[in-house]
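Mind having a look at this structure? Questions to follow.
Labels run A, B and C following the written order; every chain starts at residue 1.
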Amino acid sequence: MSGKIKNRTLKQILGIWTTAVIILGLGLPMVAQPSHWGELPLIPGLEQRARIIFFHVPTAWLSVIAFLTSMWFGIRYLRKKNPHDDIKSVTHAGLGLLFCILATVTGSIWAKFNWGSFWNWDPRETSIFVLLLIYGAYFALRSAIDVEEKRATLSAVYSIIAGVIAPFFIFVLPRITAGLHPGSADDVNSGPVVSSGGMNATMRVIFYSSVAAFIGMYLWMSNLHIRAVTLVQRKELESGKA
Amino acid sequence: MFLKDWRSELRTRYALSALVMFVLTTIAIIVFAFGGESPSQEVLAGVLWVIIFFSGMSGLARTFVAEEERGTSLTLQLLATPTAVLFGKLAFNVVLVLIVNTMAVLLFLFFFSSFRVDSVGLFVTTLTLGSIGLASASTIIAAIIARANTKGSLFPVLSLPLLLPLLMTVIHATTLSSEGAFFSEGLDDFRILVSYIGAVTGVSYILFDYVWKD
Amino acid sequence: MIEFEAHAITKTFNRRSIFRDISVRVQSGEILRVIGQNGAGKSTFVKILAQVLTPTSGEVRFSLEGHAVKRYLHNLIGFVSPYMQLYDEFTAEENLLLSLSMRARPDDMTAVKNLLGRVSLGGRGDDQVRTFSSGMKQRLKYAFALIHQPPILILDEPMSNLDTEGIATVRQVMEEQQKRGILVVATNDHTDLENFDHQVDLGGRS
């Protein structure tokens, strides 16, 4: 009983937290020289569009972390053959795909406003696109195998191979195209926004709170999904035996 | 292992003829599409590797898929260690790719007068390394999809994301060679290609058992 | 002396178990019979013994002259199964030579021809397998399984596709194998093999 109450309270906290982030992130005014905490800095070249940072960046980060987590559970499955690890692997991959789509779409809309076109093949856009392709391939592979054990094994192998090759992008991409993305070395208007002095304290707080909010949502959704799938499988097993 | 696949291929000529026809028809279409105009070097470099990529997709999975379809997969498991199977088929695919790619390049030189290879050493190294890289990634993916249901369409879907870093590097190096760059300018690209091949082959070796044994 | 021990072998597909906790220990000169209705998992079980399928849990341990053997087990095992196919585009002789060369054994044309003669394929060594009838293919599978003189011979549905002459040959092969090592037979026809030392009964359909 107390577990349920704790969960409900946590969910409510998460809801309120996220709402606060949204309101503050979108509502606080942006001025050139912020004088008190209620104001956010105006980044030359980005202005109001910088607000996207609260939503676009966490989703992008999470889509990568989700992939790594999925790969990690894939490795564990290969070692121990525990079907539970496979459930976790798919769940994280599914959420990763969702966040990847969100990141691509938010990024693309923002790109339209900022540079005039929806897609530009700048290195970061390309890499999120490739991540999307990898997720797509992962699920296409899974849907093509009937036997559970084989499905789990092969998709784990694929995600490991993809995980090994992905770092090559980090070396290859920057050499091929110059970066338009804020934060890449070429960006004339603003250098890396997160680490340099582009953000003031308030903005930083809101940003990291947003990251936390997204992580909270992610953990909540993954937990729910894992429990749901486990229950469904247990029911199938029981009805199959009866 | 390699010899067995090779002799089988000589006997039946399935893969080679399919690939050769593919390259011929694709280049013919492209020649018509360009309508007598000669596109720039960068475009040609890209087109060349697109053709190579798709011809790979049409032919490199055969070595595993055919075993599965004919029921000889089980026989092979009884005959050889997984490592022998992997490296034998990898070698086969490498040879196949090298033959087809050389042919594609020769056809390119023949049809497109604007396609110049000024730094021959650079170009040949790029072609060789790129081909080996293509074969190595394709082989492990072929092994994976051979165990799945919808083999044909799955192969390019799984391969593309993994081959993109290879393709980008190789197109870049090819463009360099057509501009007459020095061999040393390609070293960065070569380093990437060699480590790609190493990484893919290493990972294939480690994971192949899980894919091959049911 | 060759010996293997299957220890607590369990196999599940899609989380339904085909069989659980099967254990049996077989030594040189002994025969293991695996029976059960169609679909009970006989082929699955012998595939696990032949090391072409991994069990969900449990293991099969092999030992030769008292020492455990873990690598290159495929050289110790000969397998005949309806699920196995030989290479169509090669001739009968080439298939057998392939087996020898993949196992790093010297090409021995005399042994190949003798074995083919033994399974009544004497005149067909030069023909491609794609021209064979199902009975001939089955006989070739026996030659293929025996060419490397394995101490363990595993037969799944040994008499399928064979006429009386073929069946007689198989019975001879089975007798000889028993003297040389271990024989494992999976069948749903009890008359295929009437005396045995161990039996695994997989029962009705799962």
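Methods note: contacts are C-beta pairs under 8 Å (C-beta built on N, C-alpha and C of every residue); 3 or more make two chains touch, one makes a residue touch a chain.
Note that the coordinates shown come from a computational prediction; the quantities given were computed from them, not determined experimentally.
Enquirer: Give the identifier of the chain nearest to the protein's overall CA centre, each chain being represented by its own CA mean.
Expert: When every chain is reduced to its C-alpha mean, the one closest to the whole-protein mean is B.
Enquirer: Please name the chain that ends up farthest from chain B once chain centres are defined by their CA atoms averaged.
Expert: C
Enquirer: What whole-Å value do you get for the distance between chain A and chain C if each is reduced to the mean of its CA atoms?
Expert: It comes to 52 Å between the two C-alpha centres.
Enquirer: Can you give the whole-Å distance between the Cα centres of chain A and chain B?
Expert: Going by mean C-alpha positions, chain A sits 33 Å from chain B.
Enquirer: Where the centres are mean C-alpha positions, what is the separation of chain B from chain C, in Å?
Expert: Spacing between the chain centres: roughly 38 Å.
Enquirer: Pull out every residue in chain C that's touching 2 or more other chains.
Expert: In chain C, no residue touches two or more other chains.
Enquirer: Chain A: which residues touch two or more other chains?
Expert: Expected reply: 146.
Enquirer: Chain B: which residues touch two or more other chains?
Expert: Answer for chain B, listing residues that touch two or more other chains: 214.
Enquirer: Once bound in the complex, which stretches of chain C touch chain B?
Expert: Residues in contact with chain B: 50, 52-54, 72, 74, 77, 79, 81, 83-90, 98-99, 101-103, 144.
Enquirer: How about chain B: which of its residues touch chain A in the complex?
Expert: 137, 140-141, 144-145, 147-150, 154, 157-158, 160-162, 164-165, 168-169, 172, 188, 192, 195-196, 199-200, 203-204, 207, 210-211, 214
Enquirer: Can you check the complex and tell me which residues of chain A touch chain C?
Expert: 81, 83, 146-149, 233, 237, 240
Enquirer: Where on chain B does chain C make contact in their complex?
Expert: It comes out as residues 1, 3-4, 7-8, 11-12, 70-72, 74-75, 77-81, 84, 213-214.
Enquirer: Could you pull out which chain C residues touch chain A in their complex?
Expert: 12-16, 56
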